[in-house]
Structures are given as structure tokens and as C-alpha cells.
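Once you scroll down, you'll see the structures, which are given as C-alpha cells.
Each of the two complexes below includes chain A, the first together with chain B, the second together with chain C.
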Partner chain A sequence: MLTTAGTAPERAVVTGLGIVAPNGLGSADYWAATLRGQSGIARLSRFDPSSYPTTLGGEIAGFTTRGTVPGRIVPQTDRWTHFGLYATELALTDAGVDPADLDEYEMAVVTASSSGGTEFGQREIQALWSHGPDHVGAYQSIAWFYAATTGQISIRHGMRGPCGVLAAEQAGGLDALAHARRLLGDGPRLVVSGGTDASLCPYGLVAQQAGGRLSPVTDPARAYLPFDRDATGYVPGEGGAIMIVEAHTTAAARGARIYGEVAGHAATFDPGPHSGRPPALRRAVELALRDAAIPAEAVDVVFADGAGVPELDRVEAEAIEAVFGPYGVPVTVPKTLTGRLYAGGGSLDAATALLCLRDGVIPPTAGVDRIAADYRLDLVTGAPRTAPVRTALVLARGYGGFNSALVLRAPGSTTD
Partner chain B sequence: MSAVEPGARRAVITGIGVMAPGGTDVKAFWQLLTAGRTATRDITLFDATGFRSRIAAECDFDPAAEGLSPQEIRRMDRAAQFAVVCARQAIRDSGLEPDPDRAGRTGVSIGSAVGCTMGLEQEYVVLSDGGRNWLVDSSYGVPHLYGYMVPSTLAVEVARDSGAEGPVSLTSTGCTSGLDAVGYAARLIEEGRTDVMIAGATDAPISPITVACFDAIKATSPNNADPAHASRPFDDTRDGFVLGEGAAVFVLEEREHAARRGAKVYAEVLGFAGRGNAYHMTGLKPDGREMAEAIRHAMRQAAIGPGDIDYINAHGSGTRQNDVHETAAFKAALGERAYQVPVSSIKSMVGHSLGAIGSIEIAASALAIEHDTVPPTANLHRRDPDCDLDYVPVEARAHRTDVVLTVGSGFGGFQTAMVLGAPGRDAC
Partner chain C sequence: MAQLTMDDVRQILLASAGDDEDIDLHRAIDEVAFGDLGYDSLALLEVQSQLQRRYPVKLPDGWPAPDTTPVELLRHVNALLPVEVSGAATH
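Presenting the complex of A and B:
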């Protein structure tokens, strides 16, 4: 295929952040909460979780569709899409972009989805099986499927460029940002990208429970402790982040504030557990650094996946040590304050990394205080750490074996 | 942008696997298409009494006979079973031998519109005691339930089975998923991120919830009296699409990589583009504007003009609005050429398998190139006056086919176009 990607690489920069997180709506509130260690994890409140093995979650407790999602759209969409639409509004406002001013085909939408409209889908399956096929609503066909959020964002803002939806569980959010960068080489000048998730309904929770990685601990401060000696699994959350990714030349021409550049990406897949072959996370990191054309020493901070499951933590700790050396780079997992947000998780970590680059402050891994002795990681714990950070590496892994690594670079780092 | 750069990396198809209604491998699939037979029938996968549309195009699929183990059959949703069986067919067809040294340069890109809905629905029925209890009983969750909730499992199963350790993902853009997943795979090869991609799409949507949701918006045909003739794209009596199921998976390979090992090449991926209509989640404007734009961009990438296109594999779903929308798009993008080039919809025979169909239609397009034969549009007897192109009614046609345009249109407003070319076409 003839694309401009190979001949005239277009640098991709992030100019707007839209954050919908359990510990803060909007990037200002979220970032302040993250730096002061304010958690969004609590006992689930949208249904009674007492008969479930896991009772905790990172809910967006204060979210209302009033004033955040167009009223006509609310009943046609799942909560996951509500988050996506609101995060998009926040991101566009933050970027200072009015889609009406831009060419319709030069705006694209690529989001990650992990489980689609889980709550909506449960309700309609329930209606079908308890009352019959006539009771399934007309909006099930457009609310439940994984492409609903991308489609609704495209329609709401008149964005007629390429549309994409990638699913790789927690890794999908980083893959979506990488695909946004790719699309900038083929026509679009602006891509709405990132991901959200909302699967904290009864069926969603049972399914996550079946995955075998949820923490059974009921103390919100002790349930999700990646790399800690007391790691027992993770806490699920909802929400995520949507970003405005623009061609650098376009962003610079309009004098946009630039958070950072999407400088490199790679995705790999782990071999099966009985294959005798090594896990592939390390290779994802190395390929992402090569894609960004930087050595490991250039990375100032790593936002780790931090599964909170000891076997998975070990794999990640070993990969980071193998690439950066023992205690070779500051590592952090700020998502201990939100839980894992699946398709929203990688995106939120990327947004957090961009805020870290902006302010020169590494948010801590709240709650973790006893790092397993044989993980030779410089894990940032306790308080935020001030440091000159120019380049961040974000890692995400998805259930089944997905590994994704994204390199983000502060503006003005290289050839600006 | 006047010619494809010499030496540029390009993705070519070197292996094909198909699981389709009426044919559980490539040979049977092509026989069905060229015979113009239809595989639409009464739904047998569940008791459809009380549903508006009780017909579908089902695969006569026996997972054990296809080589899946009892554990695989228990663990995998039907859509995953289709995908794994097709991936094995495609790899066998390509002649690629397992090679651990190549694992990191091999990726997977699978498309699916509704993922593992069948498994999700069946497990919900168990957990909710037959739909009586919304606060489902958490103690009945089976271990693979989480794998049903995340559609990425379809890509996981294919990757594990084929030993891929490169980039793996699932694309879920509704009914354009099957084109988008293969287009995405082709881009990864062109960029040099991989040399081999196991790419395709799968869907197994013939379960109560999915049938009911299309009933609710009257998108599917209610012609329960005559299932064999219910899918009637471009016909004036058409009354909706007929739901289908199935999968197609390809071995996509970098052109030089394929040449070095002397692999048979079915077709090259010359162009791929998507657009959104930003109009309505399910509605289409009759002018076909955004699909036309996707076609133009795909042709630019392929460095071809309308005169180069030999066959259009249409979306042709058989809904009132789609077939008019699409006809307008072909005219807008190709001008007079639209009236000269044969256009057909295989959904008339194998139904509309949502995200899978885009890949199944890529398979049909590649086979059209291989056999210089255009599959027909079955059941087309009384042409809609607003659909006035050459839709190859009823009978397949021998026709020199070097370049195929295949398109898809889906919920969300997504419009995708792909251009495939005969191998080595630009060398002569």
C-alpha cells in the first residue's frame, strides 16, 4: 500500500487530556488526588457486593450523565460510552480544539475496548431470558458492542476519518495510542484516542472473578499492592482517559500546548505457560525503545503494569531489571489508587505519565511499603518524587499474554 | 503518489482458511459460491420460536472432526473455535513450518463484531438461574467466563495455537471488523514490525440475544417461509439481511519473505482505507459519500484508477438502505466505470456474519483472482430500479480478475474499502 508513513514520518503529540478516574474527574482533580495519595477504591456501591468474593472496586462514584453526556444519547449507550464521551469533551476542551473548525476527514477516532457495554448487555440478556425476545430494547444492537464508543464519538463530533477499535484487555489502551500515531501518517491530522471501561456490574464482576486475579482483601488500602510482599491480586476499577493526538506540525502551527510526543511503541505476546519459552515483556520494552530510537539510559521513569499478582509482578520486575539494570530507573504504579481499569487503564497510565513529564514529579505507588526482597526495583513509594523527567516508558499487559510498551517524550526534548 | 515505491514492503496472502455456512473449508466454500447455492435455512442452533427472524446461515461445524481437543472445545467459545480451525487451515495452506526463531516476527490480528457473545449468554443463563436473578450467583462462574467477557480472547487463542509472539490484537469495528483487522495486519507488515501475520475474522452470533437485538430494530429478514431465498441483495423485494456465522483467516506475509521461500501467493493487499459517516449508528445516507471517500483513498494507496478495477465484492447486505447507499458510493468513486465492472454480494449465499464477513469476502476476492471467476449475487431476480449496476445475478461468471475492490459498512457508521491485486501485477 502507498501511504505517507514510510516516507514522511509525522511526529505524534498529545495536546489534550480527558480523564475520568475513580479518584478524580478531569486532569487537574485527578492529578492532585494522585499526588496526595487519595484513593478511589472503596466498597462497591452500585449494587450490593456482599455475596461476592471481591467487594472492592474503583468506582466513579460521583459521575452523573447530567451535563456530561447529551440527554438523547444517554439511554442509547452504556456507562462505558458515557465515560468515553465525557472524557472526549474534556480532552477537546483541554486541547483548545473545536472539531467544527477542522476538515471532517482529517479527524479520526481510535479507542480501546475491553468488554464493551457490560452492564447494558447484562440488562438486555436478563430481559430476554426473563420476559422473552420482545423485551430486548432497540438500543442493545448499538450500545453493547465493542465499537459503540468510537462510533458515538465520531458521530458526536463529525469526525469522518478512519475509525478503529482495538481490544487487548489492559494492553489495548496503549495499542490504541500507537495506532493513532500510525494514522497521522496517512491523512488524519488529529486522532481522538485512548480508552474507557465500566464493567462493575454483577455479571461483570463475576466474570472478572473467574479470571482468578482479583484480590480477596477487603481493606481498600491493602487490597492492591503490586510488587509488595503482601500482593494478593488486583482491584478492578472503571473509567479511563481519552487523549487528543495531533500531528506535530499541525499542533505547532496553531500554537497548541503540547504534553508530549508518542515516540515509540511495541507489542509482543507471551508464549504459552508450558512452552518453555521466556515471557515476551522484555522484548516489548526493547522494541519500543528501538522504535523511539533511544537507549535505555534515556528513560527517566517507568509506569509499570503492576498486576499485583506475584507471578506476574515477578515477570515484570525481571524484565525491567534486565533492560535497565538493578534499581536502574524509577518505577511507579499510580493505579493502586484507582484499581485496574482494563481498556481505560493503559490510557490513564499514559495520561498520568504525560502529567509527570509536564511537572517533573513522579507520583508514588501508594500503599506499597514492603517491596518483595528479590525485586531489584527503584519503586517510588510514599511521597511523590521530584525529578527531571523527559522520557517515560509505560507498560501494560492484557489477560491472555498481551504486552504493550509505549515511550512518551516531553516536548522540546529533541529536535523541537 | 503516482506509483508504489519500488522495494516497499507489501503484504501478500499466502494461506487461506475458511469456515463458512455451506462449506467448512476453502474448496467447499468456493464450490458453494460458484454454484450460486444458498446456505440460509431455519435456525437450528437454538429454539427460535417467538423470534421475528427465525432464519440464518449456519455452519455445519463439528469441532471434534475439525481436530479440536475436548479441552479446547470446552474452553473456547464457538467463535474462537472457528478462528483456530481457520488459522490452522491457513497455515497448512501456506506451507509455513513451525519455527521458534520466527515467533517474535509473527503476529495475530483477528476481527470480530460480537466476540464471545454465545458463551457469555449461555453462562449468564446459568449464573442467573435461567434469567430469574439479576444479582447473579457468583459461585457458579466457570474459569473461562472472563475469557468470554473480553473479546481479545479470540486473538489469544489463535496466537497460542500458532505460536505467535509478535504483536497480537483484536479489532472490533462492528461489521467492518473483518476488513479492518486484515488492513491493520497489512500495515504492521509494511512498517516492518512483523514478517508474518495470522489475520482474519470470526463471529458466531446465532444466539438468542443477538438474534433478538436485530429483531428489535427490524434489520434482519422476517422471510421465515422461504429461508433459502431470504437473502436478496439488490433485489427489489429484499427485506433485510440474514444473519450468518463463520470465519476466514489468512497467512499474510511480507512479499519478499514469501518469495524467498517460494510460497504460492493468492493476492497482494494494495490499498486499505476507512472512513466514518458521523451520521448515525445504524442509518446510512443514500448518497454513499463516506464510503466513496474510503474507496478513493484505497485506490490512491494502491496507485490505481477506476479503470483498473475488475470486480467489486460488495457489502450487499440486503437491507433497503444499504444496497442503495453502496450503489451510490460505487458511482461516486468510480464514475462510468461503476456501470462496467461486475459487482456481487456473497451474502446472498452465506448470509451476513457481522465482523467475520469482511474476511470471508476477502477470501472470496482472493479466490476470484485465482480462478478468474466472479461469484454471483444469488436470489437477484427483480432488480431495484435504484440499484442499476451489473450485480452478476444468479450465476457465476468467468471474468479476468486482477484487481478487486471489496468494501464493508457497519454499525457506528464505519465504511471500509480494500483493494487486492493479483500477485506480481505491477511487475508486468
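Presenting the complex of A and C:
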């Protein structure tokens, strides 16, 4: 991959993580909770879900904007942006970066977005239909749209490099990290990337319900079981992860702690339903490995998309087996503890994969104890598995046909 | 209807644009232009909207503007409010 200048591209490394998850605020809390199997999935509590087919969600209970989001920003932003701003602060602190020390045009922001400002929008729609147009606030104009979180992060931290947003539902978070890598070495030295999502409100839930993939099971321990014989769909969640991605030369020069490298990526799109062509997830995996210039054998763990919908689980199980061989690589779905976080999901999985690389521990897939008979997957269940992990593959699929694959490698894995 | 006070104005600013840790609304803000207080055009649009929801007044487009001061806002809105008829009539 050459830049327009024809020079070798900068390697992209992650130097900071900021996690806001249903089972933990901050990466230390989240990782500890994930390793001990503590779930953030419960009956929805911020509104009464009794009349909905789906009653469960991964809510971030006890999140307050007090102390996490500047007071001025609160009335003009949705909860999803609050998460993004807070996670960014955590990530910058973790990376040991003060934006004031850097040239404003050398810092960029690229996030993923999926639901946009759902809760904010719902409030304004209610005001419109209950009280009239005069009661719709001016900030609806900037709170709802997909790039709002990118924009607010950029404004708050004075990051004036090439900013953007990627919308590919659950796959967007991986694409945002790949785009961060693309940007480095062509101007920006640092990119704030990742994504968050917050759509656990009546309006949001109705929209998700229409996708037909949410589980109707009311037992939080039995609702979201990817690859299980009893898979009935998934549970939605809110939150995500923001990470600081830097050019390797910059990170090394300042002695930054490096979690890992964004070593490869590919995104594909499924063919139409009557094309007769196969789903494109397998191709995304193969292309990502090729982009990382590694063989399948080099991958030590796969963080699966884990749709929890039987037909989709089958596609993924077959793609993994086709590339890695039957039981050929450990596979895990830690999002069973949080739900699927849409724009926050791909990023949270990538962050989890980096923590896995750091500690040499694979977090388990919760609740799955009867894998469907014909899936020949080495699924990590029960307890965390200690293993020498140097290379992780993260998969994510978005509703509508998005498939993304991201290769993350521990520091020192690739020859300098 | 009771006339607006400067505290009412503060309340509306807080409701419109949030509680900014860098802006002290409790000092004397009467003569400080909204722009100088840190309120941008969207915030002022929201202030206008909040005023019109709470009080029976119709404000001109683009007003309050960044160069409007809180005391000017107070005077203009109060001039538009229906005059309060007090219980003690003058004979």
C-alpha cells in the first residue's frame, strides 16, 4: 500500500485505550470483568420494555455526564457522543498524550457511528408531536448526525487534521481503525479512532427490532449465545472504545507504550440475495491476512463477529474453518458479556484483542455450552485461556452486508 | 405576567447551553455581550427558542445576537410582555 507520495506507509500502532462498556468503565474495570465473566446484560431499566419483543440490553448503568463531559457540551450532544468524549479522554490519558503539545493539523479523528443521536432525537420528536415545532431545540441540528462525535472530539481537543466518520453498523469500528492507518504518514501523526453507540431507548429499540435479529429470550444468561445450538439472536448494548492510533515512528520516538499494530484490514460487501454468490466474510478474512502479509497459521486467536443468529453463525463458522482448518484456531466472543454494540462493537472487540495480546490471555465466550454439532470451532468457553498470543484477527459484520476483518499484532511481531 | 429578572436570564442560559465550568454566570454579566460570554450562534438560537416557549413573546430572527447583552435582552423581553395588572388599582 503506497501513499500518494510513493513512500512506504507509516505503520500504525495503538498507544491508548478508552473503554466504556456495560460491564466496566475504563479498560482496567472492563478487562477484569470480562476475564471473570461478569456480564453487563440485564433487563432494560431506563424505560419499561414490557411491551417490546426484546427486553434485555447491555446498559451502562450509573454513567453520568457529571465529571465526564464538559457542562457546555451536554445539552448539545447525545449519550453516544458523551460516551465518545469520555472514552477519548480516557484514551488520551492512557496514551500519555496532551493534544496541546501537538500541531493541530497533525491530529485527526475518525470514528464509527451506527445509530447516531437516537435518544436525543427521540426527545425532540416527542417535543415536536406533543408541543409543536417551537419546542424542538436548536441542537437537534448537530446532535443526531453520524459525525457529531467525531466533530465534538475534534473541537474539544483542537484536532484539525482530516476527520471523518464511517457508518457500517457493527463493522464500522474496524473500518475506522483501518482508515486511521490510511491517514497516518500522509500528514497526521495521531488519530483518535474507534467508536461508540447508544441506542437503548424506545425509538432505538424499535428500529433495531425491525432488523429481525434481536433475541426474545428474557433470561440474560440465555439470550445471546453465538454458535450455540440454542442461538436465538443477539442482545443490543451501548458503549464502545476509543483508541489513540499513532505513526509507529512517532510512538517509538516518545517512548510510548504500544499495545499493538494495526497490521492488516479488509472490508467486503455481501452479494444480493438472489445472486447465487456466497457471503463475502471469508474473502474479507483472506484479504486482511494478505494485507498483513501473514499466513493463516500466524493467527493465534479470532475474535468472532458472533451474530447469534443461526444462519449467520453458520456462515462465520464455515468461513473460519475454511481459512484456518477445523478447530484450527481459538475463537472467542467476549461480546456475550456486553451485547452487540454496533458502532462501539468493532472497536471494543479490537481493544479487547489488544488487551488479550498484552496479557497473553484469551477471554471466554459466556453462556455457550452446546456448540452446534457441525461447527468445527475451537470456541473458548468457561474460563479464560492462557496462550502465547501475538496475532489476533477481529471479525465484524454489519446489518445489510458489511464484512470487515482486522489483523492486530503484538509489538515486536513484525520485523523492523 | 411577572417581568424577567437577571436570575431568570441566567436560568435560561443554563437550560439552553449547559453549565460551563469556564463561565461564571454569577458574577455581573449584565453588560457582557453573549458572544463574549462564550455563546455561539446555535446556543443563541436555543436561548431564543427557550424564551419563546416560556414567555408569550415573539422575538425577531437572529436575536439575541452575539453582540446583545443580558441587560438588553431583559429590557427588550420585558417591554414585550403583557403589562401586569396589580390587585391595587389606582383611582
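Rule of thumb we're sticking to: the second predicted complex is superposed on the first by the 409 of 416 C-alpha atoms of A that agree within 3 Å, B and C clash if a C-alpha of one lies under 4 Å from a C-alpha of the other, contacts with A are read in each partner's own complex, and residues count from 1 in each chain.
The working rule: contacts are C-beta pairs under 8 Å (C-beta built on N, C-alpha and C of every residue); 3 or more make two chains touch, one makes a residue touch a chain.
Just so it is clear, the structure is predicted and the values come from calculations on it, not from any experiment.
> Check whether A:137 is in contact with chain B, with chain C, with both or with neither, and answer first, second, both or neither.
It touches chain B and chain C both.
> Figure out whether A:254 sits in contact with chain B (first) or chain C (second), or with both, or with neither.
neither
> Figure out whether A:203 sits in contact with chain B (first) or chain C (second), or with both, or with neither.
After superposition on chain A, A:203 lies in contact with chain B alone.
> What is the contact status of A:71 with respect to chain B (first) and chain C (second): first, second, both, or neither?
Once the two structures are laid over each other on A, A:71 reaches chain C alone.
> Of chain B and chain C, which one contacts the greater number of residues in chain A?
Counting contacted residues of chain A, the larger count belongs to B.
> Quick one: is A:290 in contact with chain B, with chain C, with both, or with neither? Answer first, second, both or neither.
neither
> Kindly classify A:114 by the partners it touches after superposition: chain B alone (first), chain C alone (second), both, or neither?
The answer is first: A:114 touches chain B but not chain C.
> Can you pull the chain A residues that chain B and chain C both touch?
Residues 76, 134, 136-138, 141-142, which sit in both footprints.
> Where on chain A does chain C make contact in their complex?
Touch list, chain A to chain C: 70-76, 131, 134-139, 141-142.
> Quick check: in the complex, which residue numbers of chain C touch chain A?
Of all residues in chain C, those touching chain A are 15-23, 38, 42-43, 45-46, 49, 52-53.
> Which positions of chain B touch chain A when the two form their complex?
It comes out as residues 1, 3-5, 8, 10-11, 50-52, 100, 103-104, 107-108, 113-115, 120-121, 124-125, 127-128, 130-132, 134-138, 141-153, 155-156, 159-160, 163-174, 180, 184, 186-187, 190-191, 193, 208-209, 211-217, 219, 269-282, 290, 293, 297, 300-303, 410-414.
> Going by the contact rule at the top, pick out the chain A residues touching chain B in the complex.
1-3, 5-7, 47-48, 51-53, 76, 104-105, 109, 113-116, 118, 121-122, 124-126, 128-130, 132-134, 136-138, 140-142, 144-148, 150-152, 154-155, 157-169, 172, 175, 179, 182, 186-187, 199, 202-212, 266-272, 275, 277, 280, 283, 342, 398-402
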